[in-house]
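Letters A, B, C and D name the chains as they come in the text, with residue numbers starting at 1 for each one.
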Amino acid sequence: MSQSLFMPLAEAVRHFVHDGDSVALEGFTHLIPFAAGHEIIRQEKRHLTLIRMTPDIIYDQMIGMGCADKLVFSWGGNPGVGSIHRFRDAYEHSWPRPLAIEEYSHAAMAAMYQAGASRLPFATLRGFIGNDLPQYNHNIRQVECPFSGERLAAVPALNPDVTILHAQRADRHGNVWIKGIVGAQKEAALAAKRVIVTVEEQVDELEAPLNAVILPHWTLAAVCVVPRGAHPSYAHGHYSRDNAFCIAWDAISRERDSFLAWMDRHVMQVRDFAETLQLITAAQRTELA
Amino acid sequence: MNITWTADEMMTVAAARRLGNGIACFVGIGLPSAAANLARLTHAPEVVLIYESGTLGTRPDVLPLSIGDDELAEKADSIVSMPEIFRYYLQAGRIDVGFLGAAQVDRYGNLNSTFIGGDYEHPATRLPGAGGAPEIAASAGEVLIVLKQGKRSFVEQLDFMSSAGYFSGGDSREKSGATGRGPSAVITDLGILTPDPVSRELTLTSLHPGISVEQVIAATGWPLQVAAQLDTTPPPTAHELSVLRDLHARTRAAHSQSKLA
Amino acid sequence: MSQSLFMPLAEAVRHFVHDGDSVALEGFTHLIPFAAGHEIIRQEKRHLTLIRMTPDIIYDQMIGMGCADKLVFSWGGNPGVGSIHRFRDAYEHSWPRPLAIEEYSHAAMAAMYQAGASRLPFATLRGFIGNDLPQYNHNIRQVECPFSGERLAAVPALNPDVTILHAQRADRHGNVWIKGIVGAQKEAALAAKRVIVTVEEQVDELEAPLNAVILPHWTLAAVCVVPRGAHPSYAHGHYSRDNAFCIAWDAISRERDSFLAWMDRHVMQVRDFAETLQLITAAQRTELA
Amino acid sequence: MNITWTADEMMTVAAARRLGNGIACFVGIGLPSAAANLARLTHAPEVVLIYESGTLGTRPDVLPLSIGDDELAEKADSIVSMPEIFRYYLQAGRIDVGFLGAAQVDRYGNLNSTFIGGDYEHPATRLPGAGGAPEIAASAGEVLIVLKQGKRSFVEQLDFMSSAGYFSGGDSREKSGATGRGPSAVITDLGILTPDPVSRELTLTSLHPGISVEQVIAATGWPLQVAAQLDTTPPPTAHELSVLRDLHARTRAAHSQSKLA
């Protein structure tokens, strides 16, 4: 039964991501599942609710290509570079379609994933004190402590239809080991109805130390081997962040035409992520030459 | 000795000096990260640097470009999940100092990092949003705000309140449920503003060398309070500048290497 | 400043455990801080509220020696052996003094430590459904979800005055690495006002893998090097559980006299835990011979 | 072939057979641990064994004496904290089968493991308490109860309700908020009781070989329902017995070694 967890990424996205789903691609700077995001774009999934603490380039691409109706987030930008232009164009000018937003803080979203993983309906935090968001996001409420009477912020659990992660390694059963900065990935995965993980490599045995961060195979729907599948994000121990690409994205994405041209050539007209990487590498080599 | 420095260097040095040895500091990317590491490499070798990606007690050799660089992970005492960093550390009151920047600050140190102009649903300029800031502002023992001073950022009225300073002043923060003490200083390229002990209004208490009170008033969007006894920020020392410049040089060298295979 | 974390166990208990404190000695089967418990007995601490998910032999000893006024727990027994007789004698017959109890379930106590570590006043769980405890423990209440209207169990946060743990290793700064079965130890420590950790050894550098379970030195009050300090519990990678002792405890503790005689000889009349271990080892060798 | 077995072996084998391959099973110490590992070593090689100490997917070579033995940790796919095991796994509905024992069971599979006789504040016999059981009983997909049958344990009225079965029967469990389906069987040394599909009352549906209905009725503290068509539990096979006895022999050998240095 566990062998069937392994499948090509295209098949996993076809089987487990449906139009209208709520989808969380998580990874805090580290291990962002870019390959999976591209596959969702290539398969023209529509009306998704995209969930992510830090929507950055991959969500900019998915939003700009019309996959999303809604974004649930706490910080949306290209870290160290600036705005994500396709997000702003969608939110401010409804291009290519209107985008609704549901905005929280990092502390809240981390707690919402935790509540989701725990199958509790809500999370409690000391949050949003002096923050104006509760005026606009009516899912930020209050709960009274039944002991102290204190009023605390309450936010709903996040239970995505699908959570997609990238990780370094899976063993032959499909157990996945996530190493390094882990963000809220474990919680986002355990909160979801279905989980797809792309990994750098498959090995026979993980040989992970005790207390490593492991996602057991029986909590997952699909495991797909996609080397460098987090590029331009990084995979600790495998490759570093491609900062040059993250900077270049600002110019590529600023205008609709240049964005569409790039996406067409690098995502829509390729077979898989390996081809995308070849194109990007070739372009960067030309530039350096 | 004729030392010159940039406005960024002055801000960085002034911020670094406020970090005591051994304190736990929640660091953001950019100038706060430079300031915190400068402190660690000069007077505060045991400052505990914490990045919101979950790296506890990290000692990066070069400054990270993103808040989740592998350099931060490799050099950390421990890496914890984001639920843990926000709940067991920040919310639990274990952070002594939090750094915050913003697009706008008002006279009570309240911050906006959400949007400028228009309204929430139809903003003229949508910003990335608050991220970790609302809870850092509420729960860190004290907050250092670092921001270049100008009439567009030091405003009479925020377009949106993302993170709490002293609310409407006086004891309004104490009544809010915020567990931290609030902003202890706003460090700008022109000087240092600190809250009045009673009214909590930001007051110019120190001018950076070569800056006039008039310049600071002109760069502030509200009638600025100025302390009766105005200090001059001690200029960066040669040692501070050399450590800071070495750090930036190492960082540039490390990050200019092509990362593609 | 971090050097001062290291001190003899007697000094740590003298400085950081006071009469009347609430004290949690945690460790789920693994890494139970027996040496620290003995030191508390030897220093004749009184009126303690003892907190522990699974009060077993060490709490039986502390209760029988009169340290405790109250026990907060979810399962009290000698695992695989039976009752803890000194606990039953205290609760049922007030010997050597009356013992109040505050009883929960494991799921509740794990959540209460989590809430304590998060400095939230309460925790929410799907718990105590059909369980009679809420009739007797008025700290088991309910809270209504502000989204679904659902009613869930609510329990107060646990914030012990002192939490005491045993761990394998501390580095020169006092950072502590806990390896293997970790129970709710991290949460119990981070929930406490003061934390004492006894360790098998001090090393220069931990050389722990990424994502190991670490207690940062600046969250601790004292670190004490006490080799075999978890005996008859175990320290993964150092020594195994002394099952023979756990079985023998049943007979030792069944009667007040035999209990007092054993405690006097093995705890009150010795200087430190190393001496206790020598006595136990010698007795076991005699028996085997 | 003339095979003999003990009552404990019959109970263990009967319990093991109820575990499907690949299911996630929350295991306690003692007979449940033996049953779950017997299943793993016979018909269910991919059963996922979870102990409340936080060991996920463990494959011990010998049976653990305590629920937190190092053997469980060494052979686990993953070790998680107790907040995680109880919240992310049990409460989240990820456990297919939970095993429970108790001091008392009633006709609806409700359990007492808290005290016997007297009242809560003044018990005649205080038991260890419920530990993980109340939430296992409520949240595991189904529950297998394993308990020797006798009038003192199979009682008309529990002295205390520690863990929920079907409450007062009918649909009362569905109304309780419990997310799991409840006890699917009570496996005793005499036979197997399963809940009536409508009334939820425990009904004798299978007799172990050599046991009479009268024996079971005599060992039950309430008027026991007996199924119209009563099965006989298939006796332990030679293979089941040999695997189980090997497991116990390995366990005895391992644990008889002195552990003191």
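Points to keep in mind about this one:
As a convention for this text, a contact is a pair of C-beta atoms (placed from the backbone, for glycine too) under 8 Å apart; a residue touches a chain by one contact, two chains touch by 3 or more.
Please read these numbers as outputs of a predicted model, since none were measured by experiment.
Of all chains in the assembly, those touching subunit C and also subunit D are A.
In this assembly, the C-alpha centroid of subunit B lies 41 Å from the C-alpha centroid of subunit C. If you average the Cα atoms of subunit B and of subunit D, the two centres end up 57 Å apart.
Our note on geometry: subunit A versus subunit B, Cα centroid distance of 28 Å, whole angstroms. With touch defined as above, residues shared between interfaces to two or more other chains in subunit A number as follows: 119-120, 125-126, 150, 180, 182, 187, 210-212, 236. Residues of subunit D in contact with two or more other chains: 73, 79, 87, 91, 179. Taken pairwise by the contact criterion, the protein chains fit none of the simple patterns, being neither a path, a ring, a star nor fully connected. Of all possible chain pairs, those that touch are A-B, A-C, A-D, B-C, C-D.
Contacts from subunit B toward subunit C in the complex involve residues 21-22, 24, 46, 48, 56-57, 73, 77-79, 87-88, 91-94, 179.
Chain contact summary for the complex, subunit A toward subunit C: residues 119-122, 124-126, 139, 141-148, 150, 152, 154, 156, 179-180, 182, 209-213, 236.
Considering their complex, residues 29-30, 52-55, 65-70, 72-73, 79, 81-83, 85-87, 90-91, 110, 114, 120-123, 126-135, 137-139, 160-165, 167, 176-179, 255, 258-261 of subunit D touch subunit C. Residues 28-30, 53-54, 73-77, 79-80, 83, 87-88, 91-92, 103, 105-107, 110-111, 113-114, 125-133, 135-136, 150-151, 180-184, 186-187, 234, 236, 239-244, 280-281, 284, 288 of subunit A touch subunit B in their complex. Per the touch definition, subunit A reaches subunit D in the complex via residues 1-2, 117-120, 173, 175, 187, 190, 210-212, 214, 216-219.
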